[in-house]
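Here chain A shows up in two complexes: once beside chain B, once beside chain C.
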Partner chain A sequence: MRQQKIHAKDVIFYVVMLAFPIAQFCLFYIGVNGRSFLYAFQNIEIVQEGGILSRRVTYSIQPLVDAFEDLTTSESLQMLLMSIVSFLLTYFIGTSLALFFSYFIYKKLPLGSMFKVFLFLPSILSAIVMATIFRFFVDEAIPAMQNEWFHETVTSMLADKATRYGVVIFYHILISFGTSVLMYSNAMSGVSTEIVEAAKIDGCGQFGEFFHIMLPSIFPTITTFAITSVAAIFTNQISLFAIYGNSAPVETRTLGYFLYVRTLASANKEPEYPVLCAMGLIISSVAIPLTLLTKYLLEKYGPSED
Partner chain B sequence: MRKNVLKGIEHKKRKETSVFSIIIVALLLLYCLTLVILFSWAIIASFKNPLLDFEINKVGLPKEWIFDNYLTAYNEFYVEAPVSDGTTAIFGMPMLFLYGFLYAFGCAFAATLIPCLVGYVTAKFQFKFSKLIYLIVIVTMIVPIVGNLPAEIAMAKSLNLYDQIWGMWIMKANFLGIYFIVFYNFFRSQPDAYIEAAKIDGSSNFRTMVQIMLPMAMPLFFTVMLINFISFWNDYQVPLIYLPGHPTIAVAMATIKDSAYPQSMRNIPSKIAAAMLMLVPVLVLFLAFHKKLLGNLTMGGIKG
Partner chain C sequence: MKTKLPIILLMPLATISSLSGCGGKQTTPTDASKTQIYVNNFRRGFGSEWLDSLCRRFEEANKDISYEEGKTGVQIIVSNIGSPADSRMGSILGNRDEVYFTEQSYYFDFQTYNGVNLLEDITDVVTEPLTEYNETRSIEDKLTDEQKDFYGVKGGATPRYYALPHYNGFFGFNYDVDLFDKYGFYFAETPLSGTNGQFITTRNAVKSSGPNGILGDWDDGLPKTYDQFYQLCDYMVFKGCIPWVASSKEAFGYMNLLVNSMATDHEGMEQMFNKFKNSGTMTDLGEVDDSGNITKLPATELTKENGYMAYKMLGQYHALKFLKTLHDNPNYHHPNLTATSGYSAEASQNDFLRSRIFNEKNPSSGTKPIGMISEGIWWEAETSENSSILADQYGEEYRRENRRFAFLPFPKATEERYAQSHKNTLFDHLFSLVFMKSGIAEWKKPLIKKFLRFAHTDESLRDFTVKTNTTKAFNYELTAEDEAKMTYYGKTLVQLKKESDVLYPGNSSSIYINNASKFHYNEFFFTEPSKGKTVQYAWDGIHDQNLSAEKYFTGIGTYRQNNWADFH
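Let's look at the complex of A and B:
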């Protein structure tokens, strides 16, 4: 309703309708992030005074110092490295495959509908069920097959140090296609058929159509996924919690996994919140500029539809 | 000569096209085969006798197809969780399913209704504040904030929402995220003429929204609610933290998959049978509504 005059009853309706959502936003976005910021400068002690437990709060930069020390140990730096390597592997392999698959579905080639259902299936099935089945299959069935068919006794690939990270990444990519394929193929459907036809007349094959027409045309959607992926570098658990619970092998752990497991263990220990929030603050201060820089670079130097 | 060159180009093009398609098809077939093998193995394993069959025959067909694992999973799948009086209680599968359903349905409804209402109001009332809300949604989607989970737990505890299923409904009732954009674009694309006609007929803003505009958005509302329901049904990490005394079926699965308790659920075929039971509601929904789920939810680039 593009209004010339603002009526009082419209304003009342507007305010009433937005009252709860805005209050919720103030509490659970602004309030939570504000509280998280404050925690990063608090020292919380639970002390016993006269037989009663009370909470004593003092302010200092000690949680930030402790968090910085925690994040710069060799173990944490290894987790940072794994977060970045995991992002690069899952993003570039996963996105390339998702784009190829989406193109196939967009072209409505034979079996396209069946492939679409299969690609979407892991997104609707429970992550914990998928991970449980995958883990039992790798732990039990694969060694049994190798023993039966090749007479080799092998340990599970999820237990073997040489293979476990590769298997985790394989699984994470395997379950990651649903939303991206759906979005990319829908975006491809929105590309003007006239452009595609014109390219065909100019002698452009499927390969050329994919690289020279489709990719530039759906680049805004690719950019959106790229930005969310970069933003998730520091929170991505690469399915480690689903597969291993809270005992994932040290060399496979990412920062996202580490933060979740540590928060889970500290859910009822408020004195540990400040260091966790300080870690979040330090990581966010890297993640936010990195995400905005990625957005800027992709928009400035990415291909255009022209 | 020219003809030969053109023929050569045509041949090369056809060859290039077919190789490109063949590679994609091969990859897709490999993908489908991986999932089929994985689930076929799991289904077959769930029908094997744990000791007499599965332990010695992990790959082949069952010597005898038995349903006992499903009965064991239904009757003896339980977790212990703390209750309000400080003790622990046992939660069996019916209770786990009930908590899972209450959590998923309530959160899905709240997480669909609020973006829908806010999307409608901001799309149809072009006040400056509407533009601010749109900007807030875009900014919060782009800006990643890490590590605020402890503060959220503290907030939930201070508002007495912690370990309450209805508390989770309130926490999930926010308008941030992609579904606000979806509803906003939907309502923006609806002509204002409907609202103006209703106004002339004396309809209030609320009545116009409830009786005219929201029914138009019902198919979209249903699709978003379905996606949200599946996502919350499968979610185990959030209830694991926020609902320690109300374990959902997904949380129980995450707890039991690595646990030696309960003893009757220690074997793999029973654990797989429990996992299969957990899939049933989602599979039924998927089979009934797969066209809606695989429909046209499109997302463009983020501007701003």
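Let's look at the complex of A and C:
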């Protein structure tokens, strides 16, 4: 009897704990994506009938055709290129630096804790607050300092065509450190001290320890970050909206930014949803196999602890 | 330590609650002896003083009337919100607010939101004469024919109304009249020979007849054509002033507004409206070569197949050329416009307000007075607080009520165009909207409708104008007493609107209803100047991409033709 009672409690606990994520999955994944999938095959027209507005819905693949055309214009291909370039820059520079910072923190080197706080700070602050501070600093403070100290009138680096993309990438890398540094340094803390000690006895230095012990040991964490980054290549807007609003310079725009701004412009305008949803479907059909391929390659060819 | 811990824990909570108070809902205590009406107001440039006045007058007029058993009188509780209703549609039916005064909100979105009409039918409110307020006209009578077509949903025996427009959203140049007077920045009726002889001096103090062509009124001496505008800018530079300031942070959107306003003024009401309803005959289409030579195209009847032709209207070219000229001469504009990307609208407004004061009070500061700002008509109301601070610091003559600013009538692109018509055409950009939401209890609907009718009496419309020094999107007249209470800016704006055609782009055509986002001002100036290159904003093309006005204009037609299939 007692055993049965415990079992019932376990079931209740199990159900309560699972209810929220399942509901969330049903609503925000199946519900949203299911509706989005349906939209991709709908043509919606608003008509005036009997003194009210009503919608006429027909089904065809026209939204997919229109979306494909929109995504294959040279403008879209340029944005696709920027998405890929931005991914390569932010991922490789960001990950390399994050790994070095994490190692620095893991080794408890001087000022390591301060590093941890400073790198995590952008993740604590709201994205808009952080972007506003950054923008104000680059747009106002730096030119003012330049003027005050060197008596030079300079164009802000966010306005200057030659520098603005670099500044955006710098900012995006800066704000991405929080989570990655925390995860990598935690993963490094989990590496067995015996292995590290043994390596030291064998004459392994700091760089050797980093490249031959730490990197292989935390490779599953690196793989996870790599996979999530690849999955987000086409939706990543590299903080452009936070910095520039809906007027980011043309040459910096990524596909993710384009989709975000276009969706914002079409918000609540149902006749315009089908093409947007069809774009999402086409992009997903490229991103999903790419993500799975990345996962496969990393697992097959990545370094192992052995 | 023990005492510190709860404080530390409470700090984030206190921060969150104080932040949520910024521009959030006001906590007016509910008076249980009265019936409440909950009003939602989008409070930005136009503020809420007008609404407070409206509410107090309605409460006073209804103080002895019972709408609920056991209660007498009405209490209106206002929530001043910083975001338009369009961005919070999902919460409209669920929250307490019953009446909305908002902008940037597209009428038809509210009627088709997730298949639900969020708006209550207010046809009776709009169409029945306001006789209970001793008026013979109905609210519908105060609308233009174009507005009636847009707001009256058809398909039944008579059009049904679900919302009304709110205020006007004109955009253009606003100038400092006191500065213009001080330096004599006016064209003379009889020019003298020599450099700058076209401007007034003590020897020829009579100003020219100005853009409206009538001697002796408020716009005398102002530039009639673009060329005169450039001459004025040169003269302002010569006199040590900065002709024009604008926000760089808002430049993409704001310059689209400016160029569209100027193009609208050039094309006139009928031609521009044809573009929005995609019908009618276009008579001012053309092509421009790289040297700026214009070839007029034959008059073209717009159809569903060739609607892109409307984007070849020459007014756009002239307006782009105008912007390009202002941009390319660094003396014509404030350096922050081109040197930074974060020069906010507020900062540019403040510089415009302060520059003359600093120049007069502290000449050694080297601050140059600024002659004009490109802004919406809401700018003066928006700066009232900063204006008061300046007055407290520098003297009463700098208080808003004592300063004189005015909205500059649009100069015409050419002498020929000026000769055709002196009339201005103003474009209403803001998608402002007033509505009562659906789902309100039956017993309460008559009260809310009564409030809506009250808000659209002539007295209430006039009161709005007096309080904000701007205009509502209706036809109504002010009294001399009203005008006496207004700033110079407000008075001249009312006068300008009276002398102008006003274009409300909303209409009931299928193309407009089903492609709403493409008729937003952010979308007007898409261009494809060369194969594979697309630019969305006029300022982006001219400033960042260094496009010529000719290339930009030609690209607009190309882009629309290539993408016309996107219009449903």
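FYI, the second predicted complex is superposed on the first by the 281 of 306 C-alpha atoms of A that agree within 3 Å, B and C clash if a C-alpha of one lies under 4 Å from a C-alpha of the other, contacts with A are read in each partner's own complex, and residues count from 1 in each chain.
Throughout what follows, contacts are C-beta pairs under 8 Å (C-beta built on N, C-alpha and C of every residue); 3 or more make two chains touch, one makes a residue touch a chain.
No experiment lies behind these values; they were computed from the predicted model shown.
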| item | value |
| --- | --- |
| Clash or fit, chain B versus chain C on superposed chain A | clash |
| Partner chain(s) touched by A:223 [first = chain B, second = chain C, both, neither] | first |
| Which of chain B and chain C A:9 touches, first, second, both or neither | first |
| Partner chain(s) touched by A:207 [first = chain B, second = chain C, both, neither] | first |
| Chain B versus chain C as contact partner of A:136, first or second or both or neither | both |
| Contacts of A:196 with chain B and chain C, given as first, second, both or neither | neither |
| Touching partner for A:52 - first (chain B), second (chain C), both, neither | second |
| Per-residue touch tally on chain A - higher for chain B or for chain C | B |
| First, second, both or neither for A:153, with chain B first and chain C second | second |
| First, second, both or neither for A:287, with chain B first and chain C second | first |
| Partner chain in contact with A:21 - chain B first, chain C second, else both or neither | first |
| Candidates 19-27, 37-45 or 91-99 of chain B: the single one with C-alpha clashes against chain C | 91-99 |
| Those residues of chain A which chain B touches in one complex and chain C touches in the other | 135-136, 140, 247, 266-267, 270, 272 |
| In the complex, chain A residues that touch chain C | 43, 45-55, 66, 69-70, 73-75, 78, 135-136, 138-140, 143, 153-156, 158-159, 161, 164, 244, 246-247, 249-250, 265-272, 275 |
| Residue ranges of chain C touching chain A (in the complex, touch as defined) | 86-87, 89, 106, 108-109, 111-113, 115, 117, 153-160, 248, 251-253, 335, 338-343, 508, 510, 513-517, 520, 522-523, 531-537, 540, 544-545, 565-566, 568 |
| Chain A partner contacts - residues on chain B that touch it in the complex | 9, 13-14, 16-17, 20-21, 23-25, 27-28, 31-32, 34-35, 38-39, 41-42, 45, 58-59, 114, 117-118, 121, 124-127, 129, 133, 136, 140-155, 159, 170-171, 173-176, 192, 195-196, 204-206, 230, 233-234, 236-237, 240-241, 244, 250, 253-254, 257-258, 268, 271-272, 275-276, 278-279, 282, 286, 290, 293-294, 296-302 |
| Chain B partner contacts - residues on chain A that touch it in the complex | 1-3, 6, 9-10, 13-14, 17-18, 20-21, 24-25, 27-29, 31-33, 35-36, 39, 97, 100-101, 103-104, 109, 111, 114-122, 124-129, 131-137, 140-141, 144-145, 148, 174, 177, 182-183, 186-187, 190, 203, 205-207, 210, 219-221, 223-224, 227-228, 231-232, 234-235, 241-242, 245, 247, 259-260, 263-264, 266-267, 270, 272-273, 276-277, 279-281, 283-284, 287-288, 291-292, 295 |
